[in-house]
Amino acid sequence: MASITKQQAAVAVRDAKARLGLTWAQIAEAIGRPVGWTTSALLGQQLMSETEAKAAVSFLDLGKEVQQALQLQPTRGALDAPIPTDPTIYRLYEMVQVYGPTIKELIHEEVGDGIMSAVSFRLDVKREHDPDGDRVVVVLDGKFLPYRW
Amino acid sequence: MASITKQQAAVAVRDAKARLGLTWAQIAEAIGRPVGWTTSALLGQQLMSETEAKAAVSFLDLGKEVQQALQLQPTRGALDAPIPTDPTIYRLYEMVQVYGPTIKELIHEEVGDGIMSAVSFRLDVKREHDPDGDRVVVVLDGKFLPYRW
Amino acid sequence: MASITKQQAAVAVRDAKARLGLTWAQIAEAIGRPVGWTTSALLGQQLMSETEAKAAVSFLDLGKEVQQALQLQPTRGALDAPIPTDPTIYRLYEMVQVYGPTIKELIHEEVGDGIMSAVSFRLDVKREHDPDGDRVVVVLDGKFLPYRW
Amino acid sequence: MASITKQQAAVAVRDAKARLGLTWAQIAEAIGRPVGWTTSALLGQQLMSETEAKAAVSFLDLGKEVQQALQLQPTRGALDAPIPTDPTIYRLYEMVQVYGPTIKELIHEEVGDGIMSAVSFRLDVKREHDPDGDRVVVVLDGKFLPYRW
Amino acid sequence: MASITKQQAAVAVRDAKARLGLTWAQIAEAIGRPVGWTTSALLGQQLMSETEAKAAVSFLDLGKEVQQALQLQPTRGALDAPIPTDPTIYRLYEMVQVYGPTIKELIHEEVGDGIMSAVSFRLDVKREHDPDGDRVVVVLDGKFLPYRW
Amino acid sequence: MASITKQQAAVAVRDAKARLGLTWAQIAEAIGRPVGWTTSALLGQQLMSETEAKAAVSFLDLGKEVQQALQLQPTRGALDAPIPTDPTIYRLYEMVQVYGPTIKELIHEEVGDGIMSAVSFRLDVKREHDPDGDRVVVVLDGKFLPYRW
Amino acid sequence: MASITKQQAAVAVRDAKARLGLTWAQIAEAIGRPVGWTTSALLGQQLMSETEAKAAVSFLDLGKEVQQALQLQPTRGALDAPIPTDPTIYRLYEMVQVYGPTIKELIHEEVGDGIMSAVSFRLDVKREHDPDGDRVVVVLDGKFLPYRW
Amino acid sequence: MASITKQQAAVAVRDAKARLGLTWAQIAEAIGRPVGWTTSALLGQQLMSETEAKAAVSFLDLGKEVQQALQLQPTRGALDAPIPTDPTIYRLYEMVQVYGPTIKELIHEEVGDGIMSAVSFRLDVKREHDPDGDRVVVVLDGKFLPYRW
Amino acid sequence: MASITKQQAAVAVRDAKARLGLTWAQIAEAIGRPVGWTTSALLGQQLMSETEAKAAVSFLDLGKEVQQALQLQPTRGALDAPIPTDPTIYRLYEMVQVYGPTIKELIHEEVGDGIMSAVSFRLDVKREHDPDGDRVVVVLDGKFLPYRW
Amino acid sequence: MASITKQQAAVAVRDAKARLGLTWAQIAEAIGRPVGWTTSALLGQQLMSETEAKAAVSFLDLGKEVQQALQLQPTRGALDAPIPTDPTIYRLYEMVQVYGPTIKELIHEEVGDGIMSAVSFRLDVKREHDPDGDRVVVVLDGKFLPYRW
């Protein structure tokens, strides 16, 4: 059995997901982890435990070489280019481009000199119904880490 | 009275804010607009109405040339480099870099083929107390705009 | 049947189109969608419904793996480099480079502070006869989305 | 009287336009040229004749050094970065990024192997009322120039 | 018969040319087109007619899949990097780098505000004997296209 | 008398040329050098002798600090960006981008393994009348320098 | 009293340090903070308290505008280019370039999936005498932050 | 037996290490070299002697083609992009970005004008227990090399 | 016999050199050319004559497809990135980065306005014994080519 | 007396050198240091001792603020862009681009796994008379620094 990379595993996961007509939410439920984490893990950006990886490949009807790839330590970074070209992802970059310094000011004002961690971190994506057109709400929730020598 | 740019106005605003010991929240309250919008507007990324600009310069004890700059149509984009170097802002870029495709998947699964607008958009930054160390919660809230020919 | 990517499907489409001597307009008519949308969809930049994808592969005499790729959610972005090298495409970039700020001024003057959406968007390409040499007219038509907090 | 650059002249024009409360359309009418051309000319991207430049500075109540700058041969290119950061301008870049190869295909199908000139070129920006939200229509109209050895 | 790209066809052409010991000039003569055009066409930068492509593959003893690739619409752009690394090609870039603004001034002075087309364009490369060492003369000959709204 | 740079001298030259209504050809004649060389020298890309510099400032009615700058050893390179944005200059880059490998092939076929020097080099820009529209002819003429260990 | 930036304050600090013949170690001792922190703070990369800033300007014989700049929230990032050109700083980049993945492996093996914080962080630079030539020892000491959803 | 590259050997090493459940420390001990050096050597960044390479492949149960690759002279450089995207590696870049000039100052103050070598160099990674959360300590230890003509 | 590229030939040469335990100096002697030229030719940067290529493949026990590749006209440029990452090669770049303008000044002072050719060029690499540690001496020797119109 | 930077000092040095009609060789002799070192020091790339700086400003008839700048610790790196545009400097880059891997091979073959230092380093530029045209010989002479853990 040849070993495969996390990127190759992600392709296999996407194929199986399409073939079986599953959603990320269903896969997450089968594994017992939040959907945001599960999606990023199956796209190759997280380290899965053996239990999680086994549950994933069993639910997706995939083989052991995928399971082993899911348990590999990831080298993170999921964009093809420093500035993303896909419009859905670019809008996130645009928020950093337009509002980055604003968020920085408000973090410093609300909490102090430091950062919102992107490591001790979770996120959530929700649809919100609105008569003027539905909205997408993305909640970024990271530990505050103060500059401390 | 010579005209000044929005960038020069932002420097004047920061100076006045420091000199008067004000917070962005206090300035926002004086103007009567949300703090996220107010901060980005005073940093040069939004178009202020005459009423808003007058309230801002009056509260900050600044002159008419600042007011006029605040009323100028902005050319948006607040980063000095495509990949930000400041760690607090970089963490936002890192979230796009690591979780961008995950958020894209979840938007498509939750709502459909389209984007979360960064134009019809608001954001909020909050501190959340946590025994393991306080957290920063950034809520991004944008209108869903479907791909529609 | 191995799964293929949208890029591989696009290659198959181009081959079939050349082999069968078809035009994009004929393919669009067969599918019943506008030619601009159809071309971009077959080049991998749009999400096709099952009906559309079936019609396309049937008309182009292609297989099921192409149909499935056409139904995949696209990750959009069709240029090989940030600045395109092909002269026909570069001229479009040149219009942004030379006239971008002009179009921005006129959008703001005509409609207000906001953008012309590239998502709720359609385009048309026409030949216009002219005694001084024929002209190409490209109509970009996007929903106005105002900056609104 | 010191000479100034076209970029310095553009700053002076913008200041005068704001001070006098004029629109680009009004300025264009005063000069007797289309508004797209006039705006780009006053932003430094076109060569004005002496008559046009005189009409412009007279209407805008500006001096001779601005007039002379408007008559200078431009070195064109109006973006601050290869990929624009302002969202209104970025959407134009996004159209090239997503639809560039589509437009290329349709130009070749409609007219042949060649380009839509960005030099023998005019553009128009219009608002179009629509019950689902108004639209912006940008018409790009350039001479077809065939590849011919 | 699998389809091949213009780049793969170019590799086949170079191999055949080396194997048969032919020059570009001989191939051009066999096709009946100028050598500059023929070379760029066989390197994948031009659209060949069926007659031209047939003559080329017949003379080069190549197959139908090469012929079909030569008849494909090219996506032009032949450099591996924005700044070429090969010294022979870099010298051309260096001329643009050092003399570009000079050529621009002289075009404007000789003809007016406009460009020398790179589309309605031909070039010629000649050796010129010189007692101080032979010279290479490259003649670039393009239609003047005036800026005209 | 403060010293100035070659770039500042170029600005002064352009101002004087516009003020006096001179052409590059007239200035070149006054100095007694070819117009291509003269233009590039006055734009800061060549080293002028004392005689040439004196003739230039005398004809242009400029001062000694300009003369001294013209006599300085240049650090060459006249583009603002690696890929030029001005369309007239970009077309030259486009020729390198599209035809660079073609010219390389033809130089090697005509003369051998080596380069056309951009140092022992001269160029000429001419208008050529043509019933289909006038043409610009740029002749690049450089010493062949063979690869020789 | 005009306000100044942290970068301008850093220039003033360097000048005073040179004029007074002080070392960073002496300044750090006067302020009562570690030398690594003090140096980075005076170069504009840290937030100084009022007490620290007052001690610094008093010891360096500088004015109140420097003190205020030292108390400003920094926008961090101290390199002039993404890849530093100064050889002393480049060697640090080279360590990341050559040994980055090694350090990543060892962090994961020693501690787990996570990062060494560059925010809750301190560093030390020491000379170590060695008969084969003295050595520089840089100790990077950061809090481990595990990936935790 | 086909030859393989150091990069292919590194993939084989990682696979074997995962399959056998080994740590870098155990492999280093088997080879008798420090763990930092061993890890970087097996990742393709060092030149292994025949004895070291044989010990490594024997311990990892790999073949002769891996041994030979480990003995090849490396072309060093282990990052996929000039600015690393993986957060664990990026934090090292961030230290250079934020503290690079500080370390430069302290090297010059402690030792003189010169560099800390990244060639005559060793590093160590340690976990340090701390009640506030464990820390990672990276020790960079390089020979001082003074600027000396 | 399938044709191969110069890059593939270089891989074959390196393999054979390692397998046979040869040095570049021995290969150069077998071919009868200088070692600098021979090495760069076998790495794909020079054009070998049939005699030289035959001698090389005979000495290295390689086949005809390698010989033919060695006789191909090279497209030169041997770096993987504009700024090399390998430390041994980077030091050469660093010399250009730190001493480039110095060498330019001295060339102009010693010889005049012109360049040291990198085409009519040879180089030599020597070890020089020194009690303070051996030195590497690289001699770059190129024809002076004056700027001459 | 205001402090100036090393870059401003370099401008003053160049002006004085031109005004006094001196060569770098004469200045080097007056200071008693090699001409390569002296030129790079006066261009801001080396640290001068007080004695050297005093000798330089005295010979060049400059003031104390230049002397002090010459004694400042340099932040090295003298190119305006990662790839130099000036042809004389570019040829040095071209040598790295074309011959860098060759020099790397020969250093490893001649001396071993390591680098030629660019810090413990000296260089020399000489004219060499040659009937086929004079040559420039640049000798790079750096300490060999072996990779040693």
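We just call them A, B, C, D, E, F, G, H, I and J in the order they show up, numbering each chain from 1.
The criterion applied here is as follows: contacts are C-beta pairs under 8 Å (C-beta built on N, C-alpha and C of every residue); 3 or more make two chains touch, one makes a residue touch a chain.
A quick map from chain label to UniProt name: A, B, C, D, E, F, G, H, I, J = Cyanate hydratase.
Predicted model, so just to flag it, every value in this text is computed and none were measured.
K.L.:
Can you list every chain in contact with both chain I and chain J?
P.N.:
Per touch definition, common to chain I and chain J: E, F, G, H.
K.L.:
Relative to chain B, which chain has the most distant C-alpha mean position?
P.N.:
Between chain B and every other chain, the largest centroid distance is to I.
K.L.:
Under the over-half criterion for shared residue numbers, do copies chain F and chain I use the same patch or different patches to meet?
P.N.:
Copies use mostly the same positions to touch.
K.L.:
Chain D to chain H: how many Å between their CA centres?
P.N.:
Between these chains, centre-to-centre, one finds 54 Å.
K.L.:
Between chain A and chain C, what's the gap in Å when you average each chain's C-alpha atoms?
P.N.:
Going by mean C-alpha positions, chain A sits 29 Å from chain C.
K.L.:
Please compute the C-alpha centroid of chain A, do the same for chain B, then give the distance between them in whole Å.
P.N.:
About 24 Å separates the centre of chain A from that of chain B.
K.L.:
So which bits of chain I are touching at least two other chains?
P.N.:
36, 75-77, 79, 82-89, 94, 97-98, 101, 104, 108, 114-115, 117-119, 121, 143, 145 - these are the residues of chain I that touch more than one other chain.
K.L.:
Let me know each pair of chains that touch one another.
P.N.:
A-B, A-C, A-D, A-G, A-H, B-C, B-D, B-G, B-H, C-D, C-E, C-F, D-E, D-F, E-F, E-I, E-J, F-I, F-J, G-H, G-I, G-J, H-I, H-J, I-J
K.L.:
Per the contact definition, I'd like the list of chain J residues that touch chain F in the complex.
P.N.:
15, 18-19, 81, 83-89
K.L.:
If you look only at chain F, which of its residues touch chain I in the complex?
P.N.:
Interface residues on the chain F side: 33-34, 36-37, 46-47, 73, 75, 101, 104, 108, 113-115, 117, 119-122, 143, 145-149.
K.L.:
Touching chain F in the complex: which residues of chain C?
P.N.:
So the residues of chain C touching chain F come out as 83, 85, 87, 90, 94, 97-98.
K.L.:
What residues of chain G sit close enough to touch chain H in their complex?
P.N.:
My answer: residues 23-25, 35-36, 39-40, 43, 45, 76-79, 82-84, 86-89, 91-111, 114-118, 121, 123, 125-128, 130, 132-145.
K.L.:
Across the complex, what residues on chain D touch chain F?
P.N.:
Interface residues on the chain D side: 3, 68, 72, 74-77, 79, 82, 118-119.
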